[in-house]
Each structure stands twice: as structure tokens, then as C-alpha cells.
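Here's a structure for you.
Should a chain be cited, it is by its letter among A, B and C, assigned in written order, with residues numbered from 1 in that chain.
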């Protein structure tokens, strides 16, 4: 049993920018040479979320529309009274989606479905440099 | 430390069909003979979600009603312009609930609460054959 | 590779009481002497959730307001017909947020962001004694 970790780094535009990180995770898995185990993906930050989605243009519009209904951008959040940075909605959306995802590895492959991609969603209200931690345990 | 994996297979009716997979997970844990560790449950697909709930008839109605409010079935989703399969709401609900769940194992038992069951929720708009991957690491 | 587990115990007030458990997780990590691996946090119960948030007074008000919109306290839930305990909203909120979170460990530290805390949220409608299971695998 061994551990292999790496970071995926990229730039985002904020405002529910959805980034497909599947290929980057697969590359790290290749480098690890681990064939069976789990990969934990984790976002070190409080305005990004991680989940899976069918990464196609329609859902890239639908998902932000759903989040806008759940936690609207222009509501007068208490968070903004604390920090005046106007991103209360970003924090709420991030806490709802969550910062961690764990995917099993079988025979050196992620066990994703055919139409299922791993995505980072940047809920912040500005462009950011982001990193996602990929942590693999296995044989 | 060892790894044991299996798949749980079942049929679903779609439309927020909630399936209690707790017993199936316990059976796999028994077969694994692992006494301490973690079990990762993962859905290979983009229209199903996994979480825990008190599996009783009332919540089996309440949960779909909440999801209908969050991502209504009859909204005109951009996803449907791409694929014309009418299940944009299914994808959104699945991404919100998420495809992975990790449960610790102690003394050969899942560390669930008394009224807490592990459930797969099929958000698709048709019946499906489904599988959930159960991946155990431990001693 | 070794396994170390412990429980974090505390009292809550219910009604979306948000408890910062980051320091308690760090203490368990110290006791474990594990430097690289993952910690899985799990809630044994169906009316609590776990996620991360920037733990500041504004978001401690904003988060419950979002949850009240998603699953209002005073709706007439089917769950209440089963149990008459009036906490249907608690169960729905808990299933939505989810009971598990996995955080990588690097060089003996949790890989959290600077403004990111691990929180337990008690969605129940009464004060409770709670526990969160912390399960660490690593070297």
C-alpha cells in the first residue's frame, strides 16, 4: 500500500466557472502507478466546490442557474457586513456542494461513468488561481 | 492493510427513486473480513446521487418534493437543447447530492447511527439498471 | 500504513447550530502521529451534516437562512405524519449536506485553506449531545 499526492493548478473566472479536471486526475493516477485504491480530491479554500457532472455546454449554464436560485448573488448577506467583499453567495454555494470527493480506482482507471466528469466549480466573484489536492492511497 | 471491492447491482424506477443499500454494503463488509478501515461508495454515472437518510415512508416523499423545488422537472433546461432527453433536472440533482460517500468501519461494523441508512437516489427520468461501487481499505 | 480513530464529542443547540470542529480534528491528528494520509470525518446520525465554511459570524446567519429557503421549518412534512417529532426539515437538510468529509493530510497538517474550517451543523429541532467520528489512514 502506498500514498501518492500532487496538486492540480489552473486559473478560473469565478461566477460558477466549471472546470473539468478529469484529465489532470487521470495523469496523476498514471504517474502514481497505483492500480487499486482511492483518490481523494480536496479544495483548500472556502469559495470552491467539487462534484461530478456530464460536462456539456447545456449543463454548464443550467448548474449556475440552479445555484443562483438557491443562493442569489445580489441578496444582502450578513457575510458582506463582516468583510465587504460581496461574495457571501460564493461561500454558501461552496459549503453546499462541499470541498471533497473520493473516487475508487480499479485496474489503474478511475471508476467514472461514461458521461461523468470530475469538476471544480469556482463560486467566487472574481478570477482566481486555484489548486485542487489529489491524494491517492492504494497498491 | 488490504483492499476489497465489489459492486452492488439493482434496478430503479427513476424520478427520485430512493434505494436503501445499507444491507448490501454490510454484506460486502462481511465478505471482506476487514474490521477497521473505510468504505467508499461511488456511483459511476451522472444522474444518481448517494447520501444517508432515515429510510421511512414520509421522508421518501419529502426528499423528492425538496428536490422538485430546487431543480423542477419541467423547467426548460439548456441540457435538453443538447441532448433532447428531458433529464436536465436529473443531472442537476445528482451533481448537488454528489456521487461519493465514505463511511468508517469499527470492529467490523459500519459506524452508522441507529436511524441512518445509506441510500442511492435515482434522479433519472426512466427506469435503469444501476450499480454502486463499494471500495474498502483497512485491516 | 496505519489506522487511528477517535470521536469528537460536544453539545449542540439544534436549529442549524454550526460548530467549528477544526481544532479537535487537528488534536486527533497530532495524537495519531500520522504525517501523510487522509482523515475521514463521519456523522453517525440523520439530522446532522458536515462541510467546510469560513467560520465567521455573518455566514453563521447566512447559512441557516439558505437552508430555511431550501427546506423550511414549518412546512407540513410527511415525515411528521410518521413520527410526530416535527423535524422533517432537519432530516432533509442533513441528507442534502451529507454525513461525510475526507481531508488529505500533508506533512502532519490538514490541507485546509487559510479561511476554511471544518464544521458540524446540527439541523435537529432540539439540543443534542453529538459525536463525530474521525478516522485517519496514513503513514
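Worth pointing out:
Please note the rule applied: a residue touches a chain if its C-beta (ideal position, glycine included) is under 8 Å from a C-beta of that chain, and two chains touch if they have at least 3 such contacts.
The structure displayed is predicted, hence computed values, not measured ones.
For the pair chain B and chain C, the fraction of shared interface numbers is less than half, so the two copies use mostly different residues to meet.
The copies chain A and chain C differ by a rotation of 120 degrees on their C-alpha atoms, rounded to the nearest 5.
For the pair chain B and chain C, the distance between mean C-alpha positions equals 19 Å.
Contact with two or more other chains is made by residues 1, 70, 96, 98, 102, 137 of chain A.
By the touch criterion stated above, chain B contacts chain C in their complex at residues 1, 36-38, 51-54, 56-63, 66, 69-70, 96-98, 101-104, 106, 111-113, 115-116, 137-139. Against chain B, the residues of chain C that register as touching in their complex are 1, 3, 5, 40, 42-46, 70-71, 77-83, 88, 91-92, 94-96, 98-100, 102, 133, 135, 137.
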